[in-house]
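Shared chain: subunit A. Partners: subunit B in the first complex, subunit C in the second.
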Partner chain A sequence: MPLLDIKNLTLEIDTPLGLVKALDKINLSIDSREVRALVGESGSGKSLVVKSIVGALSDRWQVTADRMNWKGQDLLSMSDSQRRAITRSEISVVLQNPATALDPSATLREQIEESIADSQLDKGWFWQRRQQRREMAAQQLHKVGIRDHDLCLASYPHQVAEDIAQKFALAMALVSNPKLLIADNPTMGMEPTTKVQVLRLLAKLNKTRELSILFVSHDLLAISAMADTMTVLYCGQTVESGKMSQLKRRPLHPYTKALLDSAPSFRRDLPPKAALSCLDGTIPTLQHLPIGCRLGPRCPRAQKECVKMPDVRRIHDHHYACHFPLHRDKT
Partner chain B sequence: MNPLLTVSNLSYSKKDKSWFGKQEHFRLAPVSFELKAGETMAIMGENGSGKSLLAKLLVGVARPSAGEILLNGESLHDKRQRFQAIRMIFQHSKESLNPALTLGSLLEEPLILNTDLDARERKRKIEETLKLVGMLPEHQYFYRHMLSEGQRQRVAVARALILNPQVLVADEPFAALDPSVRSQTVNLLMKLQRDLGLGFIFISHNLGIVRHISDRILVLEAGQLVESGKTDVIFNWPKSDYTRRLIHAYQALITRDE
Partner chain C sequence: MLVYLGRRLNLLFFTLLILCIASYTLAFLFPGDPLTNLSGNPISSEDQAQQLRMMYALDDGYIAGFWQYLKLTLSGEWGLSLTSQNPIFADICQFLPASLELSLYAMAVSLLVGIPLGIAAGLNHRRYTDMSILSVSLVGFSMPVFWLALLLILIFSLQWGGLPMSGRVSLIYEIPQYSGFMLVDILQADIDNKKQVLMDALHHLILPTLSLSIVTCSLVVRLTRRSVINVMASDYIKAAYAKGLSRTQVFWHHGMKNALLPIMPQLAMQFTVLLTNAMIVEVIFSWPGIGEWMMQAIYQRDFPAIRGGMLAVSALVVIVTICVDLLIRTIYPLSKKQLHAQV
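Presenting the complex of A and B:
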């Protein structure tokens, strides 16, 4: 049974122009111990998916789904307090841009100690409990590879380097021993050496703690080094999902191919200074969404049929939504 | 062929005067390199290694404490000539464009400040430059919020190009961009470079792009010039430990042992 199973998640935002579907029938499932990557450009709704999983959305936005189960329990129909209990103890989120997501007015010690729940401590006198908290905080930092915990804990967020802040945010997310870690763009703007460190850390946690990871990013290099399976989002629609190796070897959706081709690192045969292949234009804004397949206006293979949303088709465990996938010739 | 830009022994140090005498805070050790027309040079290094400072010294935002920069073999004393010849592209194209001005007036500013063109010539120049970067002349009446990310990046490039520079300096031009916009920008810059024979210096963490478009690489570590040379030489036979670490990290990301 998958840990998290989402089918046809739709998020509608009420705008002056009427309801706009910011997410349109998203399918996503995460098995236990799986590292799944959620790939998409900015504006594709990655962060909205993350927020709807943890329920951090505005009440005025309508979230509907055929299925949104956490270990078999329906997340949408449960009460707020039940849902909060689940997100508190079993799902953790590392937010984008840790240096700004942390509270600038409190030291890192205050912040991590606050995130240790009372229920995780043994009963004892208040000084014993305080001592325990401190030890736990230091332990957590060691686990994510911050050696000098005293210095780190005594500093404010602006005083630590970005990679330390990232590791600290990870430590804070892991305090509650979650089953699922959602990392929202954890390697953004990092230099390669730090990036590799953070990725190794995540991979290690995935092996040793049996932690499932939802890796949200558009850094294909990091994703291909890390993920087992990948789901590609475009403009609020899932375009393709399947095993990482399969997708990389033979993408079926034109968008996935464009995305993979845009990274020069994957293409050894590319002569230096040759033009990179890319789709024209940019991702449309929510006010100007095209009907049907939203890639339509930018897609090199688009035809008349593309004004209707294609059904999701399946080859083994490789899902894609396209009328004219790449393994078929144009008809 | 004569080098377009010659930098010799450029150094910078920041000193603090306190009661206990002068204290040196940061130092960019003497850096020397040459750039030919049509060549691309990448600057690599960790955060805080002085990459951005080097870019600032080149465009003249910061003043070097020693060394000199020669353009076509001539020293850059004339400020106006320097500002015209070396132009910069900033990292966040969105924040670097003034939201209250139309693109036309944004692009006109450098022309007013640096050239003697009259209003009609300026307008023609703006339209030409917009076409050059793949936009329409009508875009001069737009504001920045009406543009998509890719178009904003094009405007940032247009602003750098409008004075017919010989060298472009870019501080992490691709870091904040999405994959498809990034490829578009890379293609645009390579095309402009081919057509106009620009020297292009850029800072990047993205080694894939560095490898793809740069001819030469300069590696900085804590203000020291660690290594410099041809791109394939540095990628295949890195000399210093630091560069080796960077390249290995990058290789580890591409080739995944199953």
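Presenting the complex of A and C:
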């Protein structure tokens, strides 16, 4: 049984023009010990997926799903307190822009200690527990690569640098010993050495503590090093998902192919100074969504049928939603 | 912090200095003899005039004159009122506490009512609670103070007759003045029907306080509501929900502080608006405060009194503003980023 299983997640935003489907029938599942990458260009709704999983929603958003199960329990139909208990102890999240996700008027110490659940402490008296919380916080900061923990913990969010805030957010997510870590662009703005350290830490936790990771990023190199499986989003629709190796070797959806081609490091055959390939146009805004397959207007293989939404088809573990997939031309 | 404190004290010093310069200049700009305007003595003989000129150092040039004026002002010699021939400083000491008392109670009432209502409206954004609170506050906000006061008198004093319409306490009671704050004085006074007097004073307080605080309260509601809405929609509140905290935990640990601290300066600034409104309300309710006293002075062209009252009220406003600024600085971490004063 998968740890997290999402089927047909739809998120509608209430705009003056009526309800707009920002996410349209997203499918996503994460097994335990799996590292799944969630990929897509900016504006494709990656962060919305993250926010709807952890329930950090604005009240103008409506989330519906056929299934949104955590270990077999439905997250959407359970009571608020049950869902909170799960997000508190088992799911942790690093949101995008950690500097704005930290409370500006509280010190970092207060914020990280808030994330340590009482059940994680084993000492009896409150001063012993306080001491234990402090030690746990300091240890976790060392693990993510913040050396001067006292200075960091005594600071307010506006006093620390962006990359420290990023690492701190990661420490705060990991300190509660979660089963699933949802990391929304966790290495954004870090210099390459620290980035490697953080990725290595995540990989280590994945091996030793059986931490599952939903890794949301643009960074295809980091993803291909870390992830076992990958889900590709385009404009609020899942276009393809499957094993990383399979997707890299033989992408079926034209968008996945364009995405992989746009990263030069994946293309060995690229001659020096050759033009880099990318799709024409930009991702459509929410006010002007095309009907049917949303890639339609930009797709090099689009035909008349593409105005209808393609069904999700599947070959073994490989799911794709396209009328005219690559490598499988109808003859 | 020391640099900051120095900057604020510097600001305080220079603002007060400029106020003094302005008030000194007024004595020469007002119609009539500057000597009379400064001292409040109608000059009757050459001898007396010479004496006063010596006292105010008027013959030694403006700078020496101003220096002398500054010394006299600091030692409490603000001259005499033209109409009553009372020392102005003593008058101000007597009347200012009454205004302060009224404004303080009105401020307390508007904060105690306004902040919870604003929070309730902000948390229930776009629901009926929010809309009803907002529309009521809009009505309160758009009502002129003087009209509201007259309306309250009409309804509660004339139609219903339950509440008195003027004064601080009924004329049959005699309260010795210690601090100038009526309630404090009554509690300190050595009288046998203390409870009765206290009730009477409270009855007198209700209408002026109400008419002052309705406007301020609706301002407070709107400020708080906007701030709560902004904070509750911010990323760190969502992050706190994502941590698995409950609604109440999120609000008390993260929402409340961030919503209220940034609007503290604006809330405190309401005090000065309140003081201005208090002057109008005092006239309507015949409340023996600085406002009514100054209105009388203005009607009777009592220039020394106008000058003194202006100096006292504006100095009070400046001091309150700087104190609030310092207070906020000590409790709100984000404000530590800014070194310079802001208006």
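Everything below uses one rule, namely that the second predicted complex is superposed on the first by the 301 of 331 C-alpha atoms of A that agree within 3 Å, B and C clash if a C-alpha of one lies under 4 Å from a C-alpha of the other, contacts with A are read in each partner's own complex, and residues count from 1 in each chain.
Keep this in mind: contacts are C-beta pairs under 8 Å (C-beta built on N, C-alpha and C of every residue); 3 or more make two chains touch, one makes a residue touch a chain.
What you are looking at is a predicted structure, and each value in this text was computed from that prediction instead of being measured.
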_On the A-aligned overlay, A:A85 touches which partner chain: subunit B = first, subunit C = second, or both, or neither?_
second
_A:L221 in the overlay: touching subunit B, subunit C, both, or neither? Say first, second, both or neither._
first
*Please indicate which partner A:S115 is in contact with in the superposed arrangement: first for subunit B, second for subunit C, both, or neither.*
second
*Who does A:L28 touch here: subunit B (first), subunit C (second), both, or neither?*
neither
*Pick one for A:L102: touches subunit B only (first), subunit C only (second), both, or neither.*
second
*Check subunit A for residues that touch subunit B in one structure and subunit C in the other, and list them.*
none
*Would you tell me which residues of subunit B are touching subunit A in their complex?*
46-47, 148-151, 175-176, 178-184, 186-187, 190-191, 205, 207-209, 211-213, 231, 245-246, 249-250, 252-254, 256, 258
*asked:* Help me check something: in the complex, which residues belonging to subunit A touch subunit B?
replied: 41-42, 161-162, 189-193, 195-196, 199, 218, 220-222, 224-225, 245, 258-259, 262-266, 270, 272-273, 275-283, 285
*So in the complex, which bits of subunit A are touching subunit C?*
51, 54-59, 80-81, 84-89, 91, 93, 95, 97, 100-107, 114-115, 156, 158, 172
*Tell me, which parts of subunit C touch subunit A in their complex?*
125-126, 233-236, 238-247, 253-254, 257-258, 261, 332-334, 337
